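Below: one structure in structure tokens.
We just call them A, B and C in the order they show up, numbering each chain from 1.
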Amino acid sequence: MKVTMKMKPRTYWGGAAFLAVLAVALPALAEETSVADSVIHLAYALDTFYFLMSGALVMWMAAGFAMLEAGLVRGKNTVEILTKNVALYSIACIMYMVVGYNIMYGGGPNGVIPGLSFFLGADNAVDDVLKSGGDIYYSGMSDFFFQVVFVATAMSIVSGAVAERMKLWSFLLFAVVMTGVIYPVQGYWKWGGGFLDALGFLDFAGSGVVHLCGASAAIAGVLLLGARKGKYTDGRVNAIPGANLPMATLGTFILWLGWFGFNGGSELMVSNIEEANAVSMIFVNTNTAAAGGLVAALLFSRAWFGKADLTMALNGALAGLVAITAEPLTPSPLLSTIVGAIGGLIVVASIVFIDKAKIDDPVGAISVHGVVGIWGLLAVSFTNPEGSLVAQLIGAGVIFAWVFGTSFITWLIIKAIMGIRVSEEEEMEGCDISECGLDAYPEFTKD
Amino acid sequence: MKVTMKMKPRTYWGGAAFLAVLAVALPALAEETSVADSVIHLAYALDTFYFLMSGALVMWMAAGFAMLEAGLVRGKNTVEILTKNVALYSIACIMYMVVGYNIMYGGGPNGVIPGLSFFLGADNAVDDVLKSGGDIYYSGMSDFFFQVVFVATAMSIVSGAVAERMKLWSFLLFAVVMTGVIYPVQGYWKWGGGFLDALGFLDFAGSGVVHLCGASAAIAGVLLLGARKGKYTDGRVNAIPGANLPMATLGTFILWLGWFGFNGGSELMVSNIEEANAVSMIFVNTNTAAAGGLVAALLFSRAWFGKADLTMALNGALAGLVAITAEPLTPSPLLSTIVGAIGGLIVVASIVFIDKAKIDDPVGAISVHGVVGIWGLLAVSFTNPEGSLVAQLIGAGVIFAWVFGTSFITWLIIKAIMGIRVSEEEEMEGCDISECGLDAYPEFTKD
Amino acid sequence: MKVTMKMKPRTYWGGAAFLAVLAVALPALAEETSVADSVIHLAYALDTFYFLMSGALVMWMAAGFAMLEAGLVRGKNTVEILTKNVALYSIACIMYMVVGYNIMYGGGPNGVIPGLSFFLGADNAVDDVLKSGGDIYYSGMSDFFFQVVFVATAMSIVSGAVAERMKLWSFLLFAVVMTGVIYPVQGYWKWGGGFLDALGFLDFAGSGVVHLCGASAAIAGVLLLGARKGKYTDGRVNAIPGANLPMATLGTFILWLGWFGFNGGSELMVSNIEEANAVSMIFVNTNTAAAGGLVAALLFSRAWFGKADLTMALNGALAGLVAITAEPLTPSPLLSTIVGAIGGLIVVASIVFIDKAKIDDPVGAISVHGVVGIWGLLAVSFTNPEGSLVAQLIGAGVIFAWVFGTSFITWLIIKAIMGIRVSEEEEMEGCDISECGLDAYPEFTKD
């Protein structure tokens, strides 16, 4: 028996025309042009599909951050952190569509002030692609999809650091500003072709533009918020264990998987031998940097604390991923392992140091994405021959200054308007009941 | 050093022959035909691969439903709902292979009564593809894979609505009938080229054929089952909170991710510029409709109940996804956001209303997939110039009438044979122990 | 409005050159060679991308094993099993990169003793690919990525079987030896072109090379470790229920999804009609074998124990997957369902039998991957015309003998050096506190 072609009838989309035309044209053999054109069609389709799959993997990272953070907070603050995570992803998607994408990629007069020319509209016309000489090689909508999930990643970093004490709606208001304006402006400076790019600052997939950016906004919020009640008492640092470590581990695995899209998709093209090799190298380096970060953090925590601290190991893997993100292509796999492993060592030390400094970051987001993000940027000057330590330092400094400064002002304004911290009673009771009216685990938690 | 090509030896599959032949042929340069043919080979391969990746994403939605439902029921009924979900997916795969696919795509004499001509057999021959003029452009087996995971989605909708009180084996028996016959017949009417399709009824990826279908079967079951003990007492509606909200949130994220395959794959082709643009637009619209639904439901629940209800927000995202599923291609991203947001508003109102009507749907499946499924179908008449409100209403009515009617009869027969509801003691104790002999969280639950 | 092509500037990778060259060349129409070359470019890119997506799915299986095992152990041993899983994946990635990949695919003098010629270096040069006549058709780095995640799968099998009583660091030391040497040597014998391959032993994606291999190492460890305290008392077998069955179910779904990459990617090529058909058939057969295994195990456990045992059903699905892995291409979907269903029956009987034999395997890994792995290998002689029962028996025997023997010795040495079992007090208290200093669910577990 034969499988016949069964399809959902497409009544309004004439896409099959291309192959039909091709098939008519070929027997004549006079029309090599159509074969050449169909190769361009195919390459465009492959690059677009690769972009969409990469974007889907990055979108999946939103689930990773949600699970990681939900696992690392206490049961009484879990619903609120989940609500923040699903809502910030949605807000990021809408704000970046309405304004952020335009700011980031709308060009501008001088590389500093972005232009504004709403351009999310019709996609590339077939003729324009065929005549572009390879300049237009994937769908503009697929580019938007890939970019929009990156914004959500940056914003996800913030929610972990301010967990267990920040008001839900203040946080979401900040998300509007961050994803609509703060992130896109510095994104324009680098990926939109602005002055940081002109300067020779290198950041392949966003150790700076995404991770340091998110961490800089987070630290501004944390400084204004203060520590959780009971975290620092009588000069002691008290551990506040997370409620659900399998969930946190799942979140880390999700992030690890999603990162193949994050870094792999940032090559932006896969459709020829060199690019396919490059994307493959990025997959291998991304994976091994995470492995190196995890092993280094696990061994370091064993040596330092006498125990194999799972949360440190998870943060080590994430640190390896953040560290390699600024340059996942030029180093060898072995060098990538080392870059990741150094990230893993840094993150353990940084988490302990930041805790000692009484900056309360419940999930270690500032260390993972900020401190290690800077390491990732600096490492480029060792792993990529075109990297310049000076340019990397300037880039890191500019991103931090812009995001920290504007975030601090934004948090201040929000604080003045509606406050940013829940009341002491609400914090004791947990944010879940007061903010969301629900209990994450109504049958489990001992009270 | 050089990476040599290392492979698992394929001893019985002569697939590499094509490239070898190509390579021999090319130096001659006389054989442009082989280049043209190899372009057809590549396009076929790309469309097939896109189909398989889309299908894998939809398969993943089975995990999403399982986690969503497991998170929203009480601990004592969790093992049973998990068992239902893994078993219904398996049953759907087997029944649709054995009979359903044939009913749905086997043609028929008059567009109403489906034909029966078992055709799941050999895949397309190379020559047939090359000579088809573009009519055959992907693997028939990849089509089956994509279709079979859709059936499972429809059936997954039912399990949530009848949770916490329906007998396991009665449910699984219903799954056999639903996935083998009920779903495929109405699928034939639309996607198999039957009378609903001829009528101009539009349903791109299944707001009606999948979601309304599942919800119609669910409501028949719920009406026969009655409410859970303790749900409606003394005229009051009592909330029965779910045991594990991080799990429910994870389920929602999984569904969101899977939906890119659900809608994106339903374009059925990606291999040229227009189709790649179309698939990209579908990804963007699917994502933004979910975001719109979530934000709208969150704001609405905040305004109505005074709290940011996470479960409403999750249902809002799902409602946005269901709403855009009937037409994710023609609207702009902004319009898609609005379609999704209206879905989010509807779902909150519908859940409250259905609860007030004492129809007990523990996870809100009837509202999310049924009520919003109808909204999605009707919205097509506004978002697609070819949409007709009359045709959409007829389509929705026919699907509901067929599925509700046949499901009601099926449930009745099952009830007569073996009963459909667990005993009162079993319900008090929880279905897990009586049906499955296991406790989902033996160490956590109090009592 | 128009979407212009916005990209992250790629400052050091000249990949767009290919399309530009192509576009210049085409108008001349004299250069059919460049069109033919660009087809080879595209095919290489598609096969590489397919490999990377497959590898990403297999990587995801590491999360599946972690969740499955974390759900099936008790709360007090959960952090340790999570730590083992994230660490073994990382160790596998590093060891296989440093030495294992070379052993497995470095060739060798006689098909028994592997060669050693470190070859993980530069990827394929463009010219070499174009001139290879189809012999080189995907990125070497993508091959490494795909292979490395397989090693992790084999090692993941071990962690479940030795759960709840083995020392963390002894386990990780074993992982170093297993992933660096034991697995690669037998991998060389089959997939590296060694004597088992020459013998006609067939193992498409690794029922033997991966699953039986993992189980053989596991059984050696279990025999040396002994059973958990309280498992076998006074001649009775006591059930020790897992703490979190939704997590275990999620793990199973993750493994099911990942298996599409595991089997589907093992076809190694997708870029023409025959190969695309083959990959599609593999997806369908993989899915239906799992479905068959689940349904068979569920019905069998219902008939035998009187209850629908969820953990048996999950193991049934995994058994179906393991069973079809040795040959997912040649059987029809119906035959694949049967192969999977037999796997599901075997696994239930095997779990009960092994338990009666007082071999304590907390998650059933030896039955799922070992016993059913052998069934999968033997089934090839019925489902593939080229299969030979004798060759399959020899292959199974050789893999078991090698892996069991070397593992046993390795465990013995580790036992002599540092011990392999935690102390009795640590076991009572749980490995989490003693090994990791953390509690997986500090707020949930009743103590």
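One rule holds in what follows: contacts are C-beta pairs under 8 Å (C-beta built on N, C-alpha and C of every residue); 3 or more make two chains touch, one makes a residue touch a chain.
These numbers were taken from a predicted model, which means no experiment stands behind them.
**Q** How big is the rotation relating chain A to chain C when the fit is done on Cα atoms? Please round to the nearest 5 degrees.
**A** That rotation is 120 degrees, given to the nearest 5.
**Q** Could you check if the interface between copies chain A and chain B is built from the same residues on both sides, meaning over half shared, or from different ones?
**A** On the two sides of the chain B and chain A interface, the residue numbers are mostly different, under half being shared.
**Q** Per the centroid of Cα atoms for each chain, what is the distance between chain A and chain B, given in Å?
**A** The mean C-alpha positions of chain A and chain B differ by 29 Å.
**Q** Identify all positions of chain A at which a residue touches two or more other chains, and write them in rising order.
**A** 32, 35, 39-40, 42, 46, 53, 120-121, 123-124, 138-141, 144, 244, 250, 441, 444, 446
**Q** Which residues, counting only chain C, touch chain B once they are in their complex?
**A** Going by the criterion above, the answer is residues 32-33, 35-36, 39-40, 42-43, 46, 50, 53, 57, 74-75, 104-105, 118-124, 132-138, 140-141, 143-144, 147, 190-193, 197, 200, 202, 204-205, 241-246, 249-250, 252-254, 256-257, 260, 264, 266-281, 283-284, 287-288, 290-292, 294-295, 298, 302, 305-311, 313-314, 317, 329-330, 332-334, 337, 384, 386, 441, 444-446.
**Q** Can you name the residues of chain C that touch chain A in the complex?
**A** Those in contact with chain A are residues 1-16, 18-20, 22-24, 26, 29, 32, 35, 38-42, 44-46, 48-49, 51-53, 55-56, 59-60, 62-63, 66-67, 70-71, 78-79, 82-83, 85-87, 89-91, 93-94, 97-98, 120-121, 123-124, 126, 129-130, 138-142, 144-145, 148, 168-169, 244, 247, 250, 435-444, 446.
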